[in-house]
Each structure stands twice: as structure tokens, then as C-alpha cells.
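Read from first to last, the chains carry the letters A, B, C and D; within each, the first residue is number 1.
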Amino acid sequence: MIHTVGIDIGSGAVKTVLFRHAGDGTAEWLARRCERIRRRDPMELARQGYDEVLAEAGLAPAQVAYVATTGEGENAAFATGHFYSMTTHARGGIFLNPAARAVVDIGALNGRAIYMDERGKVLAYKMTSQCASGSGQFLENIARYLGVAVEEIGPLSRTSTNPEKVSSICAVLAETDVINMVSRGIPTADILKGIHLSMASRIAKLLKATGITRGTVLLTGGLALDEGLLAALREELVNEKITGLEAVSHPDSIYAGAIGAALWGAFRHARLAALEARAAA
Amino acid sequence: MSTPAGSRATPAAQTTTPKAVVKEDAMWLQKALINRNYHDLATARERGRKIAATFVPGNLNELLMCFDFARSLPETNALQNALRKRSGKLVMEAERDGQSEDVCTYVKADIGMFLQGEVGPTGEPLPRPDVLLLSYTGCFTFMKWFELIRHKFGGETVMLHVPYQADGRIRPAMRDYVVKQLRETVIPALERISGVKFDIDRLREYLKESQKAEEDLVAVLQTAKHRPSPIDGYFGAVYYIGPIFTAFRGTPEATEYYRVLRAEIEARLRAGKGPLTPEGDHPGEKYRLVVEGPPNWTHFRDFWKMFYDEGAVVVASTYSKVGGVYDFGFRHDPARPLESLAEYCLGCYTNLNFAQRIDMICRYMDDYRADGLLVNSIKSCNSFSAGQLLILREVEKRTGRPAAFIESDLVDPRYFSAANIRNRLESYFQMIRQKRLAAGVH
Amino acid sequence: MRLFIGIDLGSTTTKAVVLDESREVLGRGITNSRSNYDTAAAVAKHEALVAARFALFRRALGKSGALGASLDAFIAQLERDFRLEQFLEQLGDLEAECAKNVATGRFAEAATAVGAALAETFGRLREEAPSLFAAGARRKSDFFRDIAGSRYLAVAEEVAKAAGLRYELLLNVFDRSILAVENRVYGENISRNLLAALERTFAALPGTAARADQIRAPIRDVLATPLEETYVVGTGYGRARLPFSKEHIRSEILCHGLGAHVMYPGTRTVLDIGGQDTKAIQVDAHGIVESFQMNDRCAAGCGRYLGYIADEMNMGLHELGPLAMKATKTIRINSTCTVFAGAELRDRLALGERREDIMAGLHRAIVLRAMSILARSGGIRDEFTFTGGVAKNEAAVKALRELVFENYGAMTININPDSIYTGALGAATFAWRAVCEEGRVAERREAA
Amino acid sequence: MRLADIVARCEALFEDLEFRAVREWKAAHPGAKAIGYMPIYVPREIVHAAGMLPVGLFGGGDQLEVIQGDAYYQSYICRIPRSTLELGLTRRLDCLDGMLFPSICDVIRNLSGMWQILFPDKYVKYFDVPQNYDDAVGGAFYRHELASLRDDLARLAGRPVSDDDLRGSIAAYNENRRAVRDLYAFRAARPWQAPTAEVYLVLRAGCVLPVEEHTRLVRDYLAAAEATPRPKRDNARVVLTGAFCEQPPLALIKSIERAGCYIVDDDFVLVQRWLVEDVPESGDPLDALARAFLHRSTQTSSRYDEKREDKGRTLLAQVKSRGAEGVIFAAPSFCDPALLERPMLQDVLARHGIPYTAFKYAENTGQMAPIREQAGTFADSIKLWTAA
């Protein structure tokens, strides 16, 4: 039985999880943390999250076999190793939903679609390019402008009957688009739904580009909890006639990266232990 | 680039705006021609005819006719789909299939059309070509375009490499190279694929027809030298150039079309009328412009309206020369059939070097007494767009008349920002007016 | 009296300038452009008219001689007091709006706690308000949304912490209430607020109280003078949405060109960096535009870029320039994509660069882009006038001066403290011309 | 020479936007001329035979502030023409007496005309290459192009360029091609000993150094790299393709290696490896060059593939012969040649079961995080799943 920690340092939030791995390959969570960065030093927060999960589980640092970072944490001093975020999201996605064959991760700045097999091996992936009005940050800014709390976005968007699509590719110009919409008296719900649809069509495009045609798609990252986005994605998948895909979410989706890191950490730990044993023999 | 071998946004495409579109008689004729070609293509297979695809600039229509090929022009298909508001989906389809966001949208609209079940713009099927005649003239993308089609959908490519007029002239070695390719590569390949033996006299007959039509087309375009101009040399001209730049050059039908068109335009000229717009007669010529660069097809009518609403008439455009620059004297010549085909390819607008393009525009500015130059820079098209800002600067310097710059795209509706374009046009027209007022007052 | 008004409806701010018959600038007004363009235009115009009244007070009081040498100090105090009164009124409105939003029931069991926290927060805000408008105080911005917003956030965070309440709740009440308050036009209340402010001023400057009646009289006269909006011209990014007829709309290019010419008649090249566009304009000796270029559809390197940076650093726009001025070197920044501004900044911080050096790099990057647009429009000619909101930023100005010198050599560079009003000034001048000049031309034509 | 010194020298040459090496060469060779050329291929042998220094221009990199160059280009055009113009307009290229613009794409083609207008005193040639590979057709045309370049340069040099001169130059470049081939073979065999960032710098030095000196430099580097043991990392082996014109910033190349990939083949500075075999040093030299171009040159997207089956042949061969585990498509944003070619190549790889990933860059890309993430994920997936 070993313990591993996975830390996902995003551009919006730092997520930390602590796992216990039984000898039989099963694993369970012992503690988790999610801290919005809000202009603080992400490395500090990572350190803090690490200390906190250890404290919660009552473990000393020496009892942790592998500390794996992912996201932007390539050079955290206390980490054993680093995995790149699509590697970890794929693995975390499988952990949360074993039926998942693709993960869609929409973070604060970038979106990614990752196509994987049942073991979490990444088969293909696509990332949004630079000009992205479909980022989490954008949605958040607009929501603030409209006076809508983050958790309200989804429910409100679901009430929309006549969504108004945002056409601009650039987030700055899209912002102006939205302001124009407000001035034309478009209801908030329709604006939000419009943004969701734009984001969803982008995601659908990414997904299609990975080559996946059927199976479950798990939303991960901060926006996974946004039911409006999920609904919009389902609509877009129908529109785009990629009906073989079923989009789902998971309450712990935001931790997918951190979970993947912790699991891959255990995998690497075993591998390294085996190599050391061989070297010793 | 290419031309709208076609009907303008036809009534069918305007289902949402039932308002009647005003057309000249020749326009109905033109529309019938274009639709007939699509029908020809759709039924080619059952009639045992082979199909050739080729690009608008440097197209060898007369030569293809010698082998009884039905002719499909991929750029034209793309723009026809755009006029019918279908291109956005096609472009996205191609992007999903792995094409980059950055590249020419004509290619993507074409690939998208293949991916979406090969239905042509008129709704009839558009069968896969048997041969892709790659007239590699003036545009790098052409080469990749047909390689892509070949790679994905099969078919054979036949390359005709047309060297660039880097020194602003056609050197004998260039013409020889093209003629040699025609003789030794292109014609044998077309004979093999079509099973028809090449007959140079047949080619001469077609070229005779081409010559007549070219003569009339030039006459039509040059009526814009008059004040007021009876035509719009950009928005209107894209209809006029349709038949001759595509599957009809060399046919008697095209000759007839240009005869009718010329008579009609000359009648307008005699009557002192301005151009015909989709909403009827032009409200009155206030600004005369020369335009460089292709138009946007996805919002063609809105785009045009921004001009005539402000009283602007385009008197000359480079785009109406993409399928052949005829106004400086070139004609297809039955006496030198292969040589004149070679010279035609070598002389296409996008195969001209920068100095030639600038000279041509400056000449238009003078000959057509234009108030200024407008550049519509197309995201898709490096051939046209890379360096256009220098053209703008040089023309301004040489003519002393103001130039303006707008941006859009051919068939990707995402790149057409009406507010942005209107803002610039408005500023530009107000600037011309203010200058004129000042010239009067001071 | 007859007034000529220009309104520049920009993508981030809306500006208005009021001219009198002799083409003297009587007042300037500014507000943030918001979702309701009519309101933005109305608020800006209203602000400009308030300023015009102050200008008239000064004239009247100057003439009456009631204040002598203390005239300037008095007017300045009165203006601050008036702003304070307005602020308090809006604050009251905001509180009422917040209360209404809490009462909608979406806060459920938290409502009482939120209500209490709100009361506490607004209490503190009211208390500290006078200090915000004290002589010499530096405010984060001139707009109610920004001033109230930043103070509210700071105070609410403390209050929430003390009350063990989720800060997000208070944040959300604010977000949903501010829009309504911001879109209210306070036109009618000017006299009341002014008279209230007058009392504050007398209290603040006890020396003047003795002459209160002599001072009040001309002020009441001015307040009683009807201000006739003889001709209004609209311009700017949002001009198409103004409820004006076509003759009352001018392109922003013409207005910026003319405005710059009015401020500096020697101007030949104008650079305007606004919220989401950058324009380079060449004008002739009469202020007539000869050519122009704008940034293309990408909003990289425009004013909003600084806005994103300010948000990222949790600073006010006013503070960016001064920070960058402390740089000891300039970090090269290659991407001025507005959206990724924050990421770029974080990247550099992570590499261990100093904030001020990065800021200097960011400012240089913006100006570099502008330099290209200038080059595209035909270069820079003497005299060169820099206008638009970004001209208020000293670091951008410094970078510009350096780059102009490096590329074009020494030349006169004009930067007006009121440069943000250039477009509106041009528009107002067009309005004046439409009546006074063209009227005269018409008269002359008739006479001939 | 010590490895660090060699690399430092290359780095200095690479970073020098003032082209001091060219100026020094001209100072040392009074009256001799220098001729610039753009990517991807020009017959440098002819320039060399005319007693001139061919100078490869690959844009301005990420250290050049581009002002005037930007004034001529819309945002949707790649970076290299603007930074190249900037170099010209800021007089940094005054040391060049002429420019060759090979036929690679319409952007560079049009740049040739812009150059004629902006720099009317300089020799400018658009160098067309045939897309027809028949000796009698394309070959005849190309030979004519070569001959006209020779005549032009002879006129510029004020002396004829003889066949013997040409044969000598061909020999010198054959020598260089062999050295570069050895360098590539060495890196593929022991990529930890020759990091791509270094190999790249060594290649780039060949853009400004005389060919003989560059050949020595490559040999010196090889000897030094061999003699300097370095730790071997657990990296995936990849071929990088698409970066044949506008170059990625050095930091990007380093980021790819840092994220866990060894680059074992690439298409950087293709001009040095365009002709894949030695060019005959006897017989008619122009014929030899023409034939080498038509029949023994590399495949890249600015060349036409006559048959569908030809697509991707070179890339597949690279993967196989270098023992690569995957391919990274790195293309400049808005580069039509690279981006239009990519889907076809990807399809070929997919059919052969070779994994690949793709991203875009610009010569002044500043943010490496997305690049690291993509390259890193790619390396992760190769490492985690192939070793198991």
C-alpha cells in the first residue's frame, strides 16, 4: 500500500489530491483541495495544497511515495515527477468514468479534446489555438459583467429559448458583441446560451478532429460543472451529426488532472521500484 | 480567386428575402448558362462523358472541349455555394477533417463539398472528376488543392506549370516551357484519359469563338470610362465575367451572351443610365473607385449595398481580370493555338509581378477617372494579398489619390465583419467628400 | 445660450465636449461606455454640461469679483463637493438596488446575513466617501462603477471575513446591482446636488461663508440660464447606434483628425489609441484627412490590453504607467494578444522578471504595434499628435517618444491632458461649423 | 576546439542581426559581393562560383522589433516576410548586393516584387524552379533558369563564371553536404550527445559562413560532440517536420527537447540537404545541377508530387531510417505550404501506424507552455505506452 499526491496547477485554480493505492491496483481518495488562484502565486498554493492534504490524511511527507505535478507545475521543488496535462486528464477521466473514451477539458484559457483508449492511453488530442473567445475566463468575465454568479450560469442558460450566437473569434471583440446584445435587449439567458453554444461548437470541432466517433465524452476541468455547457455540447453533437458520442459530466471532474497525476505517479513509482530492484540484483 | 461563373445570389438563394431582384436580360441568360453547366456535369456520367476539373486562372477550356470533357471549376463551385450561404458549413467540415484554419477557404469549401456527399451548388450531384488539370498559374495553393483532392478522392492530376512573370514580361523560354508541357505532357494525358484524339483544327475553331467573346467583354468593361458609368466594374462585372472565365469560353453560347450583354450595356450608356443594382437603378454616381482584390461572396449583396447606398460605383477592378487580362490587347489566337494558350496562362493577373500590378491599377485610376483605390484584402489568398499594402502605398504615391483598405474573406462567413467594413468605407467616403469640399472652398 | 456638442461613443469610454458660440470649450464629460449606448451618450453629455455650468460659474464669479484670489480654490472645492454629493446619491441608489436583489429570495437562508453585511459595508463606504473626494486624493478611476466597485470589493471582503460569510455572495449582489445603477441618468438632480455641495463648500472654506449670498446669486443665475443644445454631432465606434440622423454623424477618423487640428493647428500626423482600435491619420494644414489606417480585426495591442493587464495585476488603469516608469530595463514582449495578456504576464513573472520591467515591455509592445500602423499610413510627419485614452499613460508616452525618435528623428510631439476628448472635440467643431460656418457660407451664397 | 566555444560561436552568428560575419567577409575580400537568398532552395554553387558569398536569410527571429515590416502585412500572413523586410528597411542588409527569392510560395514570390520596388538599386531575382520533372521539358526550362542566374551573376561580378569555376563549387558543396549528412546521422544515433538546439545553430552558421569554413565547423562540432559525454535521458524519438521556411524560436526547439522528445530528423535549413546525393563534379555543371534537382532532391511541400503514391515518401523514410517513434508537425502560422501538406502526410502516417502530433508557431512565439504541453503529452504517451 502506498500513497501518492497529484497536483494540477492550472491557470485558474490549483487542484491537489491524495490517493491510497492498495496492492491490487485499486485506489481511493483520501483528501482533496481546490483553490482558485485569484492573483496569488500558484507555486505557493500548490505547496499549501500539498501540506493541507497531508495534514488531512495525517501523513508525513516521507510517507508519500510519489508527488506528481501536472499543468503548469513542471518545476515544483517538492515534486517527484511531472506529467503533461493531457496525459493526466485522460487517466483521471477513466478513473472518474471507466466508460469514457474522450475527455474534454476546458480550462481558464485553453480547451482540449483528448481521445483515449480504455486504459487511459492518449490516442489523439486537439487544443484550441490562440484566439479563443471560448475560454472559461471569457465566460467568467461576461458572467460578471451580466451580474451572474458562476454557479448560476448553467441553470440560467438552460432556460434560454432563443440563444444568440457570438460570432467574433477574438475575445475582446466578442466582449463588445455581448455588450451590443445587452443594448439590443437580448435576455441574459439567451446570451449565456449563445456563448455556451459557441464554446460547444468549438469543442465539437475539436472532438471530431481527434477522430473519435463513438463512446462517452467526459467533461473535466472547471467548466464541467456548468450544466448549460453540457446541454449545449449535447445539442451541438446532434447538430454536427456525431451522434455516437454521449457527453457526460462528473461532480469531481475538476480534479481529473490531479487524479491522473496521482495515478500515473503510482504507476511510475512501481516501474522505478522494479528497475531499482533489478539494478540491486 | 475565381469568378462567379454564375448567377448572383439567385432568387432561390434568397428564400428569406422574397423581395424581387432586379436583373438585366443578359443576367437571365447568364444564369441559364451556368445552371446548364451544372446540369451537364450532373448528367455527364450517364451520357458517357468524362469530367475534368480545372482552375479559373489559366483555364484551358477550349483545350478540354477538344476532348469532350465536361468542365467543373472548383473555385466557382465554392463561390456559388457561398452565394447560397452554404459555404460556412463546408469550410468547417473541412476543418474538422484536419484542414487548418489558416489556409485558403476555397480549398476547404471544395473539400467540404466532397465530404458532404458531393452535392453541387444547384442541389444536383457533382460527380468526381476523372482528371484534375492543374493549371499551376499565379497561385501556390492550386497545387496543394488538387493534390489534396487526389489524395482523398482519387483521380489523376495533370500538371501544367506556368512560370511567374518575375521580370514583368514573358520570356521566350517561359512560353516554350509551357507549350512543350502542353504538347508533351498535357495533351497526351488528356488523350489517354478521354480516349479522344487531339485535333488542332477543332481547337482553332473554339479559339475563334473565344476571340469574339473577349472583344465584347472588353467593350462592356470599358463602358465604365464614361461618366456616369453604366456598369459596376466589380460587383456587376463578376457576373459579366462568369461565362468567359469558366466552362463557356470558346462556345457559341458564350459568344451570343456577350453580344447580348454588350448591346444591353451600350443601350444603358446611350440612355445615360448608371449601373443596375439588385435594388434597381443606381441612386447616382458620387464616388468612382478602382478595387483591387476579390470580393466577399458570403455577404455579397450586403457588401455591394454598402457601396451603392453611399453613391459609390466601382469603375474598374483587378478581380474582373483574374480569368484573363484582355483589356491591354491579348486575345486568343487561332493562328497560334498552343502559343496563345500559353500566353493566356502566363498573362493571368495573379501571375503578374508587383510592378505590373501597380502599373495596371494606376492606369485604371487614370483611364477610368477614379477618385481613389480600395483594397479588399482577402484572408484566404496570399497570391492576391501578400504585399497589397505596398501596392496601396505606391498607387497613392503615384496618383496622389487616396486609397483605403478593408479586409474580408471569400467564402468563410466568419471573416466578414459588416460593422468593421462599413466603418472604414464610411470614413473613406467622408474623407473623399471632405477633400472635395475643401478643394472647392479653399 | 447656444451650445454645440460633440459626442464620441467609444468602445470603452464615451466622451462629450461642449463648445460655445465662440468655439471656446465650455465643458468636457466622460463615462464608461456600457450596454446602453443612449445612456452612455446621455451621461457623457450630462457630465459635459455640468462642467459647462462650472465654467460659467467661474466666469460669473470672476466677473462679480466676490471671491477675488480665492476663486480657483473655491471652484475646485465646489467641484469636489459636487462629485461627492453625486457619489453619495449613487451609492444610496446602489444600496437600495442591492437590498432589492437580496430580497428576491435567491439567497434563501443567507439573506439575513447578506443583508446585514450589506448594511455594514455601505455604512463604511458612506463614512469613507468624503476622504475619496478630499483635496489631493487619488482615485482609481473617475467612473462610479470603478470607484464604488473597487472600494466595495475591498470593504466587502473584510466584512465578509469578519462575519464568516462567503465573499462570493457579496460580490454577486454587487455585480447584479451595478448595471441598473450605472444605467440611470441623474440629469434632473444637478441643481439639488449643487446647492447641497455649495453648503459643504461653505463649511469647508469658512472664509467664504460670509459672502455666501454674493456667491449664491450668480450661481443661481447660471443655473437658471437655459442651455440650448443647438447642434449635436455624434462619432466613435458606436455612432451607428446613436439615435441621430445621418447629418449628425461623422466618422471618427474625420473627428479625430479635426480635433487634433483644433488642439494643435500644426498637426500633420495623428495617432489615436483607443479601447479596441488604433488609428493613424494624416491631415493637411486645414485638418482635412488625407489618409488613414486602422488596426485590422485583431484587437491586439489596443487600450483594452492595458485593461486586461490592470485586472490581472489588480491595479487601476491609472497605476500601470507609473509602475512601468520604475523599470530599469525593458523585457521584450512579443505577443500583444489582449486575451493572452495575462498569461504572458504570468509567464514572465514565473521566469523571475520584475513587474516593472515587464510592464515597461508591455507598454513598448503596444506602441510598437501603433508604430507599424503609423508606418502603414505613411509614417510620422511633424507635428505629431497622440490622442485617445492611452495617451494618458505616461509609460506609453515615454515608449512612443523613444520609438519616434529612433525611427523618425526629433520632432514635435503633442500630447494634451485632454487628449481623450479629441474625437468629441472634432465632433463638436463639426457641430459648430454646421451652424455657424455653413450658415455663414449659405448666407454669403444668398447674398451673392 | 571546445564544444562550448563552437556552440557559442554559432550562437553569436545566429543572434547577429547586423550580419557582421558577412561584412567581415566582404572586408576581407575587397570587391567581392554577397547575395542573400530566402528559404528553401537556391543553387548556391552558382553564387559561389561567381566568387560571391551566398547568405541565407531566415527571418528576424524573436529578438527583432518589427515595425516597418508589419506595415506591409496583414495579420493573417506569416512572420518571415515582415521580419525580412524589417531587416532590409533598417539597412541591416546593406551588406548584400542582391537577393534571390526561390519559388516556395506566393508570399515569398510577391516579396520578390516588393523588394524590386523598395530596393531599386539591388539585384533581385525570383528564382523559378520547375514542377515538371522531365529532363527535356522541366529540365530544359530549369537549365535555362540556371544559365540566366549564371549570366546575371557574372555581369554583377564583372567576370565570366566558367564551367570549371562551377565544378569547383559543386565539389565544395558536395563536401559540405557530406558533413551535414554525417551530422544528421550522428544526432540520430546519439541524440543526447547532439541536442537539436545545437545542431540547429551549427546549420544556421552555414547561412552566413563561406561553405569551406562551414564544412570545417560541422566537422569540428562533430568531433567535439563525440568527445563530450552527456547524460542520456528517457526521451521519445521524433521527426520534426514543417519548419522549412519561417523558423521556430530557439526556445521552442529547446522546449520540445525539454518536454521529453529527442528530435532525430527535421527539415530545418533544407538548402543544405536539398540535394540528397553528391552532384557529379564532371561533365556539364548546369546539367548536373539540373538533374540533381529533378531526380535527386528531397521532397517538401513546395514541390509537386506527380503521383498520389509519392506523398510522404521522404517522411516515412526519415521515420524508418532514423528509428523515430513519432512525428511532430510544427508549422508556422498561416503557412500555406506546410499547412496544406500536413493533412496528407498525417494520413500517410496514420496508415502506417506512426503516431504524430501537430502545432503551429511563429518566429517570435513567446509562450512556450502550450508547446511544452503538447510535446510533453506526446512524449508521455510514447514513453508510458511503448515501454510497458
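Assume contacts are C-beta pairs under 8 Å (C-beta built on N, C-alpha and C of every residue); 3 or more make two chains touch, one makes a residue touch a chain.
A quick note: this is a predicted structure, and the numbers were derived from the prediction, not measured.
The pair of chains sharing the greatest count of C-beta contacts is B-D. Between chain A and chain C the centroid-to-centroid distance comes to 40 Å (mean Cα coordinates, whole Å). With centres taken as mean Cα positions, chain D sits 36 Å from chain B.
Rounded to whole angstrom units, the spacing between the C-alpha centres of chain B and chain C is 48.
Counting partner chains per residue, chain A shows two or more touched chains at residues 72, 129. Shared contact sites, meaning residues of chain B that touch two or more other chains, fall at 98, 389, 407. Residues of chain C in contact with two or more other chains: 296-298, 340, 343, 376. If you draw each protein chain as a dot and join the dots that touch, every dot ends up joined to every other dot. Chain contact summary for the complex, chain A toward chain B: residues 129, 167, 169, 205, 208-209, 240. The touching residues of chain C, when paired with chain D in their complex, are 296-298, 332-335, 340, 343-344, 347, 368-369, 371-376, 403, 407.
By the touch rule above, chain C contacts chain B in their complex via residues 237, 240, 250-254, 284, 286, 288-294, 296-297, 376, 378, 441.
Residue ranges on chain B touching chain D, taken from their complex, read 97-100, 102-104, 107, 134, 136, 139-141, 143-145, 147-148, 150-151, 154, 157, 159, 161, 163-164, 166, 173-174, 176-177, 180-181, 184-185, 353-355, 357-358, 377, 379, 382-383, 385-390, 394, 407. By the touch criterion given at the top, residues 62-63, 65-72, 74-75, 364-369 of chain D touch chain C in their complex.
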